[in-house]
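Worksheet: one structure, shown below.
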Amino acid sequence: MTQQSGTAVLSTEATADALLVATGISKSFGNVRALQDVSVWLPRGQITALIGDNGAGKSTLVRVLSGVHPADEGSLTFDGSPVRFASPEDARTAGIETVHQNLALIDDLTVWQNLFLNRELVRGFGPLSFLDRKRMQEQAEKMLSRLSVNVPPIRSKVRRLSGGQRQAVAISRAAGWGSKLVIMDEPTAALGVQETARVEELVKGLRADGMTVLLISHNFDQVMRLADQVWVMRAGRLAAGRRTQDTDGEELVGLVTGAITS
Amino acid sequence: MTQQSGTAVLSTEATADALLVATGISKSFGNVRALQDVSVWLPRGQITALIGDNGAGKSTLVRVLSGVHPADEGSLTFDGSPVRFASPEDARTAGIETVHQNLALIDDLTVWQNLFLNRELVRGFGPLSFLDRKRMQEQAEKMLSRLSVNVPPIRSKVRRLSGGQRQAVAISRAAGWGSKLVIMDEPTAALGVQETARVEELVKGLRADGMTVLLISHNFDQVMRLADQVWVMRAGRLAAGRRTQDTDGEELVGLVTGAITS
Amino acid sequence: PPDRSAEVAAIIKGLDNPFFQAMGQGIEDGATGPVTVQAAQSTADTTGQADKLSAVAVQGFGCYIINPISGTNLVQSLSLIAKQGKPVINIDSPVNAEAARLAGATLASYVGTDNTHAGQVAGDFLAGRLPAGAKVALIGGTAGDVTSRARLDGFRAAVDGKLTVSQTVDVNEWSRSEALTRAEEIMRANPDLAGFFVANDDMGLGVSRAVQNAGKSDQVRVVSVDGVEDGLRAVKSGQLAATVAQYPYTIGEMGVEACRAAAAGHTLPATVNAPVALVTQDNAADALSAFPKPFEQYDDPYRQLLQQ
Amino acid sequence: MAEAVAVGADRESLGGRLRDIGFWADWAAVIGLVALVIVFGLASPSFLTLGNIQAMLVSAAILIVLAVGQTFVIATSGIDLSIASIMTFGAVVLGLLYAAGWPILLACLVGVVAAGLAGVINGTLVAKGRIPDFVVTLGMFSAASGAALILSDGKPTQVVDGFLLALASGSVGPFGYFIVVAAVVVVVAHVALFHTRFGVHVLATGGNAEGARAMGIRTGRVRLAVYLISGVLAGVGAILLVSRVGAAEPAINTTYLLNAIAAVVLGGVSLQGGRGNILGPVVGALLLTALTNGLTLLGISQYYQPLAVGVVVVMAALLMRYQR
Amino acid sequence: MAEAVAVGADRESLGGRLRDIGFWADWAAVIGLVALVIVFGLASPSFLTLGNIQAMLVSAAILIVLAVGQTFVIATSGIDLSIASIMTFGAVVLGLLYAAGWPILLACLVGVVAAGLAGVINGTLVAKGRIPDFVVTLGMFSAASGAALILSDGKPTQVVDGFLLALASGSVGPFGYFIVVAAVVVVVAHVALFHTRFGVHVLATGGNAEGARAMGIRTGRVRLAVYLISGVLAGVGAILLVSRVGAAEPAINTTYLLNAIAAVVLGGVSLQGGRGNILGPVVGALLLTALTNGLTLLGISQYYQPLAVGVVVVMAALLMRYQR
């Protein structure tokens, strides 16, 4: 199974069918250079994985793509046109939904309120718009049932959920908005077998629906199972890119650790 | 590889060589019955895994064993004598160190201060005991170097660490106190390949040093690699117990999901 | 540092009360040269006032005027001034003599009104107007405030055996709105209440408002202390039955005159009584037109010294 | 069918609630108020008269308005220590404009605008300047009372005006205008907090600002808005205050500051933010008002009043710790 | 060799620190103080005279002692709103015992013990009663001032005593006893916070109480201890206060409450807890004292003083937001 070397190396030159192209992204926090000249692209309608060791800069890249942090340098092209995301709202409006590593759930709000956060449904118009609770609750039920085995009533507060249940809520939220790109930062790290399987199904379902997915994962088996393409980061830099069919878990480990270069 | 049925089923009757025996543990939070009549035991000097789906009650059982929550019902025997842990300090004094799922790190303290939390070294005596910073920093360096590839200077604050780095600090702390039992609640969930491998080495090292380990994990490959014995929980109850050599990943999945009963 | 030995520094009590504004104004108007007037942050700010006196003391003024919040709070700072041998004029509230002696602080002169006396004047007035045994209630300023307590004590002593004091409440920070609320409640608990004695005019105006709101203007009389301009107006219009005017303006003015007299080498009288006048509807018009000065003749021994 | 199930579930959960100490804890302020009303009602015949109840409501009105403003700020995990001095500042502006001959309605409006502006400064420093709420509003506490003193030169201004007089003494049926104003503020605030997107964003900002931001909520604007609300309500409080005492006074009332916070806390709103509740603080304000009212009616020595307030606050909190 | 490297690393990090705005932010209070000293020193020739500096230090002493107590509480993410009224309560106890003929030292001791007991009540309610700090101490703010009024019957007690007089006016070299007392408190507090296990546990409790508990730290006891410290220091403040004003007065000075918190905040201690610093609050207290002193020397109307305090607090905070 193991192919030695000579694997097709992915160029950082974007192809025409890329949904998102990031070029030369750098980002520092004080003295910490979290990202240095990172260029990646995500093929439209495919699942791209982003892997790398702890502290490699994966979450930082995710936050740049989703508008949380502005990049210090570099540019983004999304769906054919250059974009600058000044805020997460900009990225969401453009069609990028993100499941952050820390989930971005509001503990004291209910499950349905979290699902509709900043996407609340209202009745009326202008200053006389009031929340349409009933409709949100109904839709929330549907959004969750697609995914989870063991989700508590949608009216309970998120604070009461177990780690896995929380993850399920955050993923349902990102998947629920008919967006173009869904970014998931280690979505199955805290999940049990059944939930992990469900999430993997869901990710495949998103692709089947024509969505593009960026998946951060430490689980290389999962990456090999799901992804069409893989970017590898090491210490803040892009280390390599591969089509999944041209690589295997062993090579990925080597690229992540630096045992194999390029 | 796959053995069908007829596997040796582990009795919840403790054997004489058990380091810790928990009998009939129940615990509710308001209306949520997180644990119901759970009896398990941990063989001395071995690695025992605890698996189960999200919300099965694993973390709650860990918190009972480590003195964070008192059990509503049930009893504990540790190292041959009955114990009641009124506080985490009691459990630590008895020789139980825990890596909690939320890590229990203090963000605004340094790495070395976290490693020595509530185990601070002092000079002088009585009310005139002052912290021996130098000695703590030196020892901290040693504690960490055993484990981690990518740990920042021990004088930096924990707040600045990445998820994986934080996990590494919490694990080093639990492993560093020559305790009898080390409990780890999903210690590698957020870790990269290299760190995961290191942690697994460390867990084996603890066993080699004669310590007993209780490992909570969703990763069944890891469980099969490391553990000598496995307890399976489902919805707050003990579902099954197995010696690792008598089972396999497939059976574990079945037990966790409830597809296989007993 | 510049030579300020020809200048006067005054440290007075309050910050946000017309009583002390008038006092400050009197000090400034009475002075012939530069004066510095500073006040404490509130009438509970004993140490803050002491700090201010210490601060001006290091500047070497030629004369100091003090209106202490309590009998002893300025004594430490006074001992600093004593070392400079500069005259200190005590106005309004007196410094505790024993404490001053222990600290080695000497006072050149005291001019002020006795707050207990002011309360007595008010008490005599109400006792004269109301039938024997009529019910009155007392409203004081911040609990524990020295001036408020002296006024209330004086009032109680004067009406003892003549009127019935049904209730006493204190109002935090001498707040007009809280005084109003308390007065409403007291009237409700005591439907037969005939009068209020209120420890200052500002609160007195709130209490008279409560009386009006309750439609009891004919039945309940309000007397307060201070004689600030709004108070005098209220007496004139009948909202207040009377106010005991203490002429803070004149007290301030006499304070600077005392400084001038001391500078001129005169020996000052130990104690000078500032004028106190009971202002009722009869003389309110006169009082208003003379404001901020007293409308009756009064003794000013300092001015006499200066005119010699 | 699905409907029926949902309703059934709700009913069950209501029943469950009543058996849960958490439910009672959530309502600690109400229980405290009821207990006080019973005790005082038995002890003083005047306490439960219509007149006294009306008067209590009137005198609670300012505190209610301030507590509602404070609630919005606290729900974002902020705190507004400047609320009472902004009220003073608004009152002084109102009074000076009135004294300068402006029409009363315009003077009131500008007073509210001035108070709102002070709120905007708070909000801007908190949101854009990223300074902690406590520090900003501690600074504004000083600055606004200083501004009030400077503008008024330390002197109160009499405001004797028909409109304000009517506001203080008039009523709709048994309810004084003050109560009507407070009720309108309460209803609008409740709707804003629980039935609009803005309200959800306030709670989200207070619960997990970083998470809210990641979801695209402009937490800076939310913070600015709550301080604006708090400032404007302090301005409304200023109108009521001037109308009540017939004068605009530069003295700050620290009692209002501490009581406005105490009312919110008694109302079960966590200072951690993320949880809001409008009716709780209203009940808290009523409780504090009833307490002083009752003690005054009973003629209990004024020295015992602060002690009683302290004990009640702590006792209500002892119940409240079982809050969910 | 290992030594040499460590030292080198430290040196480098000091150099790095100076280039980092975070370093300056951490020292905002010091920078503010230095700026004030320069401005006032130029504007008023009396400001930098020995006499004035001594007077400022004396007048800052009480505030410093209270701010140190407040710092311990804030480091556990609590807040003590009752500190000024506990000081008043302690002063009244001291005064009454003195008036009853007790020896002065015993009266002082019992005053401190009484204040410490009030702190223990705070701590017990916070730790065992699990009531939020803000609520408990808001309650105690009322209760302690009520107790002071009841005990003293609202009357001040003259305490004219040789020992206290000497305390207020005596000095060791150029340093008044007040300054010596404050300095001892500061040094002991610094050592306790940074060089003992207790100090680490205070910071851990404030930073992450749940985590600290999981590590076996008795966070309840830690909370109790910080309120005890805060109470005892309020008692020490009471001795200084009585000594300074020559009387035990039952009216509380609310300036101390707000200034003690402002000093801590100016000193760069986060109200979120988990971070502590003793010298910062001391500098904060000096800054607030120097500000009032300088404005008084310049003869600026007292109406501008609250405004100036507010502006300085906010400006220091603007620098502080770059804090690390």
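Per-chain numbering from 1; labels A, B, C, D and E assigned in written order.
Just so it is clear, contacts are C-beta pairs under 8 Å (C-beta built on N, C-alpha and C of every residue); 3 or more make two chains touch, one makes a residue touch a chain.
The chain list, named the UniProt way, goes like this: A, B = D-xylose transport system ATP-binding protein; D, E = Ribose transport system permease protein.
Remember, it's a predicted structure, so these values are computed and weren't measured experimentally.
Contact with both chain C and chain D is made by E.
More contacting C-beta pairs link the chains of C-E than the other of the two pairs C-E and B-E. Chain B and chain C have Cα centroids separated by 73 Å.
Between the CA-based centres of chain B and chain E the separation comes to 43 Å, rounded to the whole angstrom.
Per-chain Cα centroids separate chain A from chain E by 49 Å. The geometric centre of chain D is 30 Å away from that of chain E, both derived from CA atoms.
In chain A, no position touches at least two other chains. Contact with two or more other chains is made by residues 149, 153-154, 254, 301-303, 306 of chain D. Counting partners per residue, chain C has 15, 143, 170 as the residues that reach two or more other chains.
Chain contact summary for the complex, chain B toward chain E: residues 66-68, 87-93, 98, 100, 102-109, 113, 117-118, 120, 122, 129-131.
In the complex of the two chains, the chain E residues touching chain D come out as 125, 129-132, 134-136, 138-147, 149-150, 153-154, 254, 258, 261-262, 265, 270-271, 301, 303-311, 313-314, 317-318, 320-321. Taken together, the chain A residues at the contact with chain B in this complex read 32, 52-56, 59, 101, 149-150, 160-165, 168, 186, 189-196, 218, 220, 253, 256-257. Within the complex, the chain C residues that touch chain E are 1-2, 15, 36, 38-39, 41-48, 50-52, 54-60, 70-73, 75-76, 79-80, 96, 98-99, 102-103, 142-146, 149, 170. Contacts from chain E toward chain C in the complex involve residues 45-46, 49, 51-52, 55-56, 58-59, 62, 145, 148-149, 152, 154-156, 158, 160, 162, 165, 168-169, 241, 244-247, 249-255, 289, 292-293, 296-297, 299, 302-303, 305-306.
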